[in-house]
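Here the chain labels run A, B, C, D, E and F in written order, and each chain numbers its own residues starting at 1.
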């Protein structure tokens, strides 16, 4: 039995009042699997190695709760993603809180099934480490190694922490080593804060990664960043990973390791919107940490940015992106 | 197709980690209707006349979110309600935020369908006004007029507020006038605080209601209150309504109109547990107001008390209550 | 008995310590009516149709409490509004929480008395719906239909919600239909977020309204927006309505329906300051919702913006605005 | 012009909605002076020597704001204080934040005028130090030295802190030295926590003060404490001072120096109610520190306890207390 | 070089203002090792398996911060622990956040050094799992197997979670299996809440453990519980472990897995005080989870209870306990 | 015994987990005095005259606690301050909470010892008043009068408040009168908000101070401000004082007297970074008020800005600043 776009139109207020019953990511309909979908929304509540402030395990739950404020179309661009393709929330990838290795494995398998179903995954973490098992599922040949559009305060290219090779700070060192991502098509956006030493930065640059510090972003402007991304990515497959600590801590306190002076919400929106036309194969937003912002203001922002990318992904699916992309 | 107890065993951690996916009331399974159920858990997010602090519309949502901490059995009494009968969360009664009269009507109809399906409703509000349409569904002859076990700081027997006849303060004046509840089998527990004048108290006593102020409760002890309730109720049908402001404001701040110096959690647990053996036809907990306690500590307490009553109701369903009730 | 400017000089610290006794809007003196005033500060704690997060009923109370930080002059422009004209806080318009229609009526009457007294009203809500009864009082012929400077995330031009014709989302559809406001002299500033569909936007544009999305504001800059407003408004009467959700949710979380990525505080200040020279007939700020920001940081911002407009209105009253306005 | 009881009936909801306009202590009417009053409600926002957590300067403001929940009668005892005598809020005693000595002096003078007007003062602080200048006004011969009913976690009988003789910890050493209070008629209730050394306790006992630790209170019960108080006080003048840290920190976190394991709200209510029949000459509640509990739950409790004592004081004024007091 | 009691007198306000410089557990002096101490205060910020709400890693930090309110003596009992023996804060046991096994091992070694130095450890967690490595250090023959006084909502006798044998829920199954603790001298206090099934309770009882549910505690009273503990423990070595979720969630929300309706602060104080006379060999308080109570009210309670036990342990060290213990 | 750079390398995670043991300013090593240091980090928890919201006494404690997130190098500029010179946290200057004059004196003496040791002080308050005693120590001839780079919302040039000559609002009137600071080399950055009257502004300008309002800052840009500062300061001694209310209240709510619409974090970072090349003799950050932002987000920002200046000061010490400063 096939699913149609009409089957998946989100139920909107006033048809059902916003505060009634449980919610879903982007207020999409809930499906058990990715079968028949174009875009699968997924939560990945993994939370092992966030040493500053744990709690990203509740990221998907809080994002779903704060989706109550969402409507189905983009008020500025006019894009109606749920009219363009088949989108649903397929729940959370299975995770354990005691079995790290098992969790990494089960996330990879879960996303493998999404890929097999022909859907694009749009995930919400959970700690940034989730990008590694997702990439293992998404960036297998011939698709991978993929290009990476990487919003973050930190490069996440440390070799290891205390001998541990897989954690929030090592993801893109591993992904390069495993041939999942192409360092020459890797653009970091928003890098800043403090560091132990410059080795992870030196390594990244030596691999050919483009490291845009927050100073670079301010210098280039959102449009300049968008141009740079398109130049680097070309038309080969691209994966987007948005560590929400890329945003300034003052506008996004709800994260494990906040850093003052980062990306503004507006710049983030404009850069995400500018990804239109890229060959997107999946994306994740991560490091939403509810205990660090019980007001939910950060979840509101996370949802808002995720909706920007959902619009772009929906246009990608419909193939209307390339024609109209205005860089 | 019939539903069995085994179909409805709650999924428990570690099978699924607590923070994964959306939640339900009491972590029960989710069903679309009450068909085949013995006990139907329902949210009623109505929120019109809570003039102090609005927000009880989010009561069911917060209670579901905080059910993540729940397990399936009672650690002190050993009761396993989900082993005794068929229990599920059937979602929220339909409410509007702009149409008061329509909301009252649709709640009544929703509970009418639960009654028709032969299930006992256990509801969570939402403002206390919800008891009126629920009683209209539950307390129709020959079942009604029913007895009322009524936990509250306030008698809710005001005649009208500013001409308005249906609101949080008038519920049990209306229910008596409509023949839904029997004032001679109405026990209020925890009355206190400040009043405009004594008329609503005088009216209640004149009707034959038993008004246990918090002083009376302390004097009688939880056991004395339980004895009193059983004496008044006999074996005819009883409905339980728990306005959570019956609890002391210091342990339950998350409500519209908190009053210091009320019921303790322990006394509330013991009185609820003591309802075993009554002929229960339904129940509601109400006035959980999340914006008044964003920490969720109040939701934790609401869930805990609701579970106490769920155990009693499950025993009622299995008919084991009467035999063993220890008054 | 006439009131003079000297009678109404705000009592300032250290004469009276900031935390002593109750407060008023802008720390102005308290008067019972608008008689003899040039500008009447008013609270309008109406809160019926704010379906997301109720609580704007406490907006005026929180704004008064947070006025403790205010002093009487503008540190950048040097304007001393209380030296320019007679300003006082005349308390709150009478509202009910149970009688919607009566509340709409009594707000209109209350503002009618302000207009009759010859004072300009500067109001603080309360839900955005208050603009409709205020306009009914203020924009009667020959003054109306008035031009509208409208800060907001949402156009508020929906035809109805679930059949309900008067609520937060329909205000400016009604005001045009009733001939109170001139759609050709209506400038929206800060529009963004998500929408159900484009109909309300299409309708607004079809009427001739100027819809400046947040993208437009960023493109034009605050000065460009100010120029546009003056071009559209000319020298005919203008009413200013500032839905505080026009501000970015990260800097103004204390509102019913916050939207990320909106107006900055600085741009809002500069645009308000740029209204100097317009023929102002009244203004409201609305949707300050204290339970959504118990820290009061949002109230601080609301007061700050209201003071910017108070300076402009005081200059308008003194007639010094036209001469010096620097567009 | 005389003031009558009818002039001072509090305006109650629904006549005026609770959230409208500014509030007063106990929702009483606002008067400028104590002339013609029987009981004068006063705020004393002094905040100099609260070394742990400053902020009690906002105590009166928060208590007024949280009086929105109050009604005019006692729901359990049926006492209607505003029907018994003339009660009004006369605002705050003048305080400075930079001039300690001047503040102590101006509080004394302010309360002197209340005494001269023949009214009983019922004050809300502010730091506990306020009791000293109030006693200087209230306990002058022939009234003084007065007996003291003293709720507190700490004895406040330290000789000096770092040479400073007047501060929160020395009040009752000074009051005895100045002949304002009679140590033999001084009952402390709720003493506990940690101490630097036993000297202040030894001194208190040596003077003949009755020190009821929290262990003693639990041993004697509220009724035993009431009996003890009446035995000690007899029918000579009594002043009541309630340092709100006498309450357990878990139910009253909103104070400068909270101590776990203190008085319950219920016991406090019952002991206050039991003061009926004493020859009361004034009272203060103190150490409500809003920044330590921005939820206002503590202010709610402070108002509740203050209302208990207001009922007793109103009965004292009417002379009905002695006849009916049930010890 | 020996350390004396005088060397370790805590620096107290006013000598140094409370808010100056960093703090220590109980405001004790800071030492690098346990050499020369009688009682070693230790933080154990381990936080791996707290699946509900992580964050107990910050328990010791918050407890130190909130020690600013502490003074050196007990105001009710008069005990001055720092006058009785040599007490210091020796910092935190080394933990990792990524290496579970290494952390367990390093905690055991750290406490081994305390035992070797002849000091009694008084630890603050961190998750409850810390008790296992501490017991491995403390309860080696000939001292062990030791008796356990165990405050908790949960028995922590589950066999495994998802195959994982060492975590917060299995501690006392492991400790019995390893011969560290004697199940016949194990008293649980405060058991309640919900359970998956009764197996862990059955196992505990089958081993001879004394399971006092919260109902039992209320029935017996604090004195009855104390008598029971002394009867079970006799004069052989005893270890005290206080899982702070044993307290009612309403008075101690700052924990991983709060349960409503638990121990009161008063009962906890009285039972701890009643441990006087036992042959104490060490103790831990655990599951203080700061992100779950950023107000710090829970840390205040944890410190208060820890001080009660410190007094008892100091008396134990001085050998004055046995003579005077009043059961 | 000399101290070397290697002795003072901060202990960093993962060597020691971030949440272990107490913290220091900038995670530097702790020393008892400034002997042998190049830069001395100091807390100054003075809190007397902050009349709006007291609590800056906890500023140093909160900043130390939130230093847990810091690493040792600057991720954008690559500066490693702890590799350039000898830096340590030498604790808090001694303050009293009851003795204002004594506190002013002891701060001056404490900083005198730092100056005598040849170290540059980098202080964190505490109220802004601390700048006066620090300047008395630092700006004695021949060093002073010094130039002042002064970030602030307020000019702090009021003559007196209620007769009191030394408080948060008068610091730079006193410093000029005492010949400590040169008004012609005084640049204020971020001035805005409300004022009592223009006298303090007029006085400042008459003395030759450069007053950059927030409008001026926006007009000039961060680079323009940096150029202006260098032009005004030349190569004579400069002291930096950063009142954190210079930042916009929306990004820095944790302060005594927040003002909306101020400096952004980015501009503040860029201006501080642009101070490279100045002849710095000391600096303070002040008015971090923890009770006004218990989330600690403001402390995070304060630490971030303080680290920017630490980098510049470390370069100053090494003499590499002048050569490379890029204006």
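Just a few scattered comments:
Note that a contact is a pair of C-beta atoms (placed from the backbone, for glycine too) under 8 Å apart; a residue touches a chain by one contact, two chains touch by 3 or more.
Worth saying up front: this structure is predicted, and the values here are computed from it rather than measured.
Of all the chains, the one whose CA centre sits at the greatest distance from that of subunit B is F. When the CA atoms of subunit B are superposed on those of subunit E, the rotation angle is 120 degrees to the nearest 5. Centres computed as Cα averages put subunit A at a distance of 38 Å from subunit C. The set of subunit E residues that touch two or more partner chains comprises 14, 17, 19, 47, 51, 57, 96-98, 161-162, 250-251, 295.
Residue ranges on subunit D touching subunit E, taken from their complex, read 51-52, 154, 161-162, 191-198, 201, 213-215, 218, 248-251, 253, 257-261, 293.
On subunit D, the positions that touch subunit F within their shared complex are 47, 49, 51, 53-55, 57, 96-99, 161-164, 167, 291-292. On the side of subunit D, the complex with subunit C involves touching residues 14, 16-17, 19-24, 43, 45, 47, 57-58, 60-61, 64-65, 91-92, 94-98, 294-295. The touching residues of subunit B, counted against subunit E in their complex, run 12-14, 17-19, 68-76, 78, 80, 250-252, 265-266, 269, 295, 297, 300-301, 304-305, 307.
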